[in-house]
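What follows are several structures.
Consider the two complexes below, in which subunit A is the common component and subunit B and subunit C are the respective partners.
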Partner chain A sequence: MVYLDDSIMIKGKPASAGSKMLENFIAPFDATAAVRIKENAETVRLGEFGLKAPKMLPDGPLLCNDVFGHVRAAATKQGLYYIRPTYGTVSRYGLIPAVCSMDQIGVVCKDPYEGFELLSKIAGHDEKDGAMFPEKHYSYVKSDKSPVLFKEALPYSELYGSVFEILACAELSGNLSRYDGIKFGYRAENFKGLDELYIKTRTGGFGNEVKFALTAGCLALSQDYYTALYEKAMKLRRLIKESLRFDQYDVLVLPVESPLAVLAGLPSLSFGEVQLAAQVKNEGALLAALEVIA
Partner chain B sequence: MKQYEVVMGLEVHVELATQSKLFCSCSAKFGADANENVCPACAGMPGMPAVTNKRAVELGIAAAIVTNSEITRVMSFDKKSYFYPDLPTGYQITQLYAPICKNGWVEIETGKGKKKITLKQIHIEEDAGKLVHDSRTGTTLVDFNRTSVPLVEIVSNPDFRSAEEVVAYLEKLRSLLSFAGVSDCKMQEGSMRCDVNISVREYGSDTLGTRTEIKNMNSLKAIAAAIEFESGRHIDALETGSETLVQETRRWDDNIGETFAMREKENATDYRYFPNPELMPVVIDGDWIERVRISLPEPADLKFERMTVQLGLSEYDSKIITGSKNLSDIFDKTRAHFDNPKEIVNWIIVELLSIAKGDNKGEDDISIDCEKFAKLIELVDGRTINRNVGKKLLVKVFEEGIDPAEYVKEKGLGLISDTGIIEDAIKAALAENAKSVDEYKNGNAKVIGFFVGRIMKKLGGKADPKLVNELLMKALSDR
Partner chain C sequence: MNLQPYEAMAKLELTEDERRELSGKLETLLKAFEPAQNIDTSGTEPLVTVLTEQNILREDISMKMLSREELLSGAPEQYDGYFQVPKTLD
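The block that comes next holds the complex of A and B.
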C-alpha cells in the first residue's frame, strides 16, 4: 500500500489539496505518478496546498509535494525519511499545482531504499508535463565514497528564506486564482454580483495561511513592488544557484527548514535534523553519497 | 478653425489556424456546440501542466516572416492575472518580456500612395472563453470552447492618420496572413479582431493628445465608423471644452453608432504580469525559421503577378481572385484538374460568386469540390453541354455535390453532335417553312435566327449551336 497526498489525483477520488476550496472536487483523471506506482494507493489529506503542517503522516510510504517544508518537518518528528528528487524528473501531470517552479513529487518513507525503489518507478520523462528532463528512467545508486567533511560558509544563505517566500507566494497566487467559485469546487452562498461571489468564495474557501501567502504573492507581483520584490528575488535565485560549488563538494548538509534544495531544484533527503542536498549530473547518479548519513 | 490630425495605433488579434489549442490537445475549431471542445486543462481545473503547441509557434514565425519582423531567438510566456468568468485559470498566458518578434513593417497603399506601417511587436497568447447571457433565466453562462485557442496580437506603432489607412492595413494583414496559412482572418467569426488606440492633436504638433482605446468593432465598416465618431468626439472636446478627455477604454456600439466608456474598474486593473514558471522558454533557431520560410505558400502579390504576366489574365479578374485566399485556392485546385485559367476565372467570378451570394456566402465561405467544378467547366468547354445547362449544373454541384459527367450521362443532357440527326431536323424545318426559305433567298438574312430556333426546338435545345449553324447555312445554299 502506498499513500498519496490528495493533491496527486486518482480518477474518481476526492482531490482536495487539503483545502475547503476543493472539498467537493473529484479527480477527473489519473496522475502519471499514481498510474506508475502500480500498487494499491490510498489518498490522505495533508495541510492546505502544503502551507500547513500535517497532523500525522501515515505509517506506509507516502508520495507528496512538499514545497513549504511542513512535510519534511513532520517526517523528522516522526523519525521518517523524506526524499525529494531532482526538479523535472517526476511528472507533475495530475498534481494540483502550488508553486510551478518548485513543485516536485517526493516520498516519505521508513527506509530510504524503499523510497528510492518507489521513486525509480515514478520518475522519468512524461510528454504530458512540458518541463521535464528527457531521460526515461532514473536509478538511484549507492555510493561507496567515504565522506571527507569540510565547512564552508554558503553565500546568500541568510537570504534563502526571503527569496523562497517571495517567489513561492507569487507563483502560488497565480496558480490559486483558478479557485473562484465559478466552475468547480467551493462556492459561497448568498452573494450579490460577480465581485461578491469572488470575495465571499475566496474568503470562505481558503485558510489563513493560504490567504496570507496569496496576499504577499500579489503584493510582490503588483506594479509598485514587482521590481523591488519579485524581480530582485528572481535575480537572487539565479545567484544562489550559481553560488553552489558542486565542483568542490558532493553533498550539502543543511537544517531541515532550509528551503535551498527546493529553491535550487536539487534532490534532497532529510532525516533527523538535517537535510542533504546534492547536485545530479547524469542519469544513474541521483542522490549519490547516501552513505554519508548511514 | 484649427486643423487637427488623428493619430492611431492598432492592436490586431488574429486566431492561429492550428488544429488544437495552445496548451492542450482540444480542438480549436470554430462553430462547435457550447463547451464541446473542452478538457480539464482549458476549463481551468488543476493538474494538467501546460505544454506549448509547436504548430502555434510555427504559425507565429510565419506571421513574423510576412511582416518583416525580427524574430526572438528565445521566446517565453508570461502570466497576466485578472478575475473574470471567461478566464477559467484566472490568468492568461501571453508574452510580455520576450514576445516572438519585434520591429516589423507592413506596406499599405491608399489614395495618397504607398506607406510603411511599423510594428512594435507580435506576441502569442491564449484566447478567453465567451459569456452568453440568458435573458430568460437572468443568468450568465460560460462557453469555454474558445478558451486557450492560440492568437497572435499584432501591435503597431501610432503610424495611422486616417480610417482609410487603417482599413488598407487590415486588408493587407488579412491578405498576408491568410495566404501564409497563419489564420483565416474572418472578422465576423471573431478570428480577426481589432482595437484602435486613438488620439487627436493640432496639426503640426509633435506631442500626442489624450488617448482612448476603442473595442468591439466586428467589421471594417464598423471600424471606420468608430474612428470617425471617436475622432469627432475628441475634436469636439478640444474645440468646445464640452468634456474633458480621459485615457480610457471605450466600447463601440454598432447599433447606436457611438462609443461608450467601459466600467472604470476595467481600466484600473493591475495585471501582475510575471514569467510563467510552468513553461520552458522556446528556442527558435535559424534552421527552424528557414524551414518555415521555405514552406510558406505564394503570397497574394506574387500570385497576382503570375496570373497577369504568365497566365495573361486581366488585372481586374486577378485582383478578385487574389483578394481572397479561398478563391485563390479554388482557382489553383480547379486548375490542377483542368488547366484552362481563363475559363476557370470566368466561371468563378461570373457564376460561382453569384450562386454563393444567393446563398448568403462570402468569398471566404464558399466550398466546392474543385475536381467536379473542373469537370463541369471541361464539359462546357469541350461542347458536351452548352453554357446554360452548365450554369444549372453548377448550382447542383455547389449545393448537392453531384458528379457533372455522371449527371449529364444519366439525364441525357449532352449536346447532339450527330450530323445525321441535325440534318434531318433542318430538312424538316425548311420543308415546314417554305415561305421563310423564299424570304431568305430574297435577301432577308434575319430568318436564319428563326430557323435556328425551330431546329433547336425539335432537338430539345441540346444540339451543338455551332454545328447547327454550319449545317443550316449549307442546306440553305443548296436550295
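The block that comes next holds the complex of A and C.
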C-alpha cells in the first residue's frame, strides 16, 4: 500500500489539497505518478496547499508535494525520511499546482531504499508535463564511492528564506486564482453579483495561511513592489543557483527546513539527525556524498 | 501597511486582526530581504524556471481530452452543459 497526498489525483477519489476550497472535489483523471506506481494507493489529506503542517503522517510510504517544508519537518519528527528528487524528473501531471517552479513529488518513507524504489517507478519523462528532463528512466542505486566531505559557507544563505517566500507566494497567488467558485470546488452561498461571489468564496474557502500568502503574493507582484521584490528575488534565484558548484560536489547536506533545494531544483534528503545538526550549528554547511546521510 | 489594495487583487477580504497579523509578517519579510538591495543584480537576468529556459513544445497533434461532462463534474452549479455564473449585466 502506498499513500498519496490528495493533491496527487486518483480518478474518482477526493482531491482536496487539504483545503475547504476543494472539499467536495472528485478527481476527474489520474496523475501520472498515480498511474505509474501500479500498487494499491490510498489518498491522505495533508496541510492546505502545503502551507500548513500535517497532524500525522501515515506509517506507509507517502508520495507528496512538499514545497513549504512542513511535510519534511513532520517526517523528521516521526523518525521518517523525506526524499525530494531533482525538479523535472517526476511528472507533475495530475498534481494540483501550488508553486509551479518548485512543485515536485517526493516520498516520505521509513527506509530510504524503499523510497528510492518507489521513485524509480514514478520518475521519467512524461509528455504531459512540459518542464521535464528527457530521460525515460532513473535508477537510484547505492553508491560505493567513499565520501569526501567539504564544509563551506554558502553565499546568499541569509537570503534563501526571503527569496523563497517572495517567489513562492507570488506563484501561489497566480495558481490559486483558479479557485473562483465557478469551475470547481467551494462556492459561497449568499452573494450579490460576480465580484462578491469571488470575494466571499475565496475568503470563506481558504484558511488563514493561504489568505496571507495570496495577499503577500499580490503585493510582491504589484506595480508598487514588482521591481524591488519579485524581480529582485528572481535575479537572486539565478545567483543562488549559479553559486552551487555541482561540478565539484555530488550532494548537499542542508538543514531540514532550508528552502535551498526547492529554490534551486536540487534533490534533497532529510532525516532527523540533519535537523538536529542544523539546530546546533546554524550555518550554511556544504558537505558531500550521499553516504554521509545513509 | 495598508493591505486593502492587495487583498482586492487577491479577491479576499481580511479582518482587522488578520491585517495586523499579516502586516507584522510582511514587515519581518521585508526586513529579511533588505540585504538583497545591496547586491548588484544589474547584469543578472531573472531566473523564471530552474530547469530550462527554452520552451518545450510537443507535436501539434490532437489528443483525447476530458469530456464536457467530466470538465463540468466539479462545478458548484451548471446549466444545460455550461458553468453557471451570477447575472453580470442588467
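By our rule, the second predicted complex is superposed on the first by the 278 of 294 C-alpha atoms of A that agree within 3 Å, B and C clash if a C-alpha of one lies under 4 Å from a C-alpha of the other, contacts with A are read in each partner's own complex, and residues count from 1 in each chain.
Here is the rule we use: contacts are C-beta pairs under 8 Å (C-beta built on N, C-alpha and C of every residue); 3 or more make two chains touch, one makes a residue touch a chain.
Nothing here was measured: the structure is a model prediction, and the numbers come from that model.
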After the superposition on A, what does A:64 contact: first (subunit B), second (subunit C), both or neither?
neither
Let me test your reading of the model: by the given contact rule, A:9 touches which partner, first (subunit B), second (subunit C), both or neither?
first
In the three-chain superposition, say which chain, subunit B or subunit C, touches more residues of subunit A.
C
May I ask you to decide whether A:218 touches subunit B, subunit C, both, or neither, giving the answer as first, second, both or neither?
both
Figure out whether A:26 sits in contact with subunit B (first) or subunit C (second), or with both, or with neither.
second
In the superposed arrangement, does A:93 touch subunit B (first), subunit C (second), both or neither?
first
Looking at the overlay, does A:198 come into contact with subunit B only (first), subunit C only (second), both, or neither?
both
Could you tell me if A:171 is touching subunit B, subunit C, both of them or neither one (first, second, both, neither)?
first
Subunit A contact set shared between subunit B and subunit C covers 28-29, 101, 127, 130-131, 173, 177, 180, 182-184, 194, 198, 218, 222, 234
Considering only the defined contacts, which subunit B positions touch subunit A in the complex?
40, 43-52, 79, 81, 83, 85, 88-91, 142, 270, 272-280
Residues on subunit A engaged by subunit B in the complex (per definition of touch):
9, 15, 17, 22, 27-29, 31, 92-97, 99-101, 127-131, 170-171, 173-178, 180, 182-184, 194, 198, 218, 221-223, 226, 230, 234
Name, in rising order, each residue of subunit C that touches subunit A in their complex.
3, 5-7, 9-14, 18, 21-22, 25-26, 29, 32-33, 35-37, 39, 41, 44-52, 56, 58, 66, 70-71, 73-77, 83-88
Per the contact definition, I'd like the list of subunit A residues that touch subunit C in the complex.
24-26, 28-29, 87-88, 101, 127, 130-133, 156, 158-159, 161-163, 165-166, 173, 177, 180-187, 191, 193-195, 197-199, 202-203, 206, 208, 211-212, 214-219, 222, 228-229, 231-239, 241, 263-265
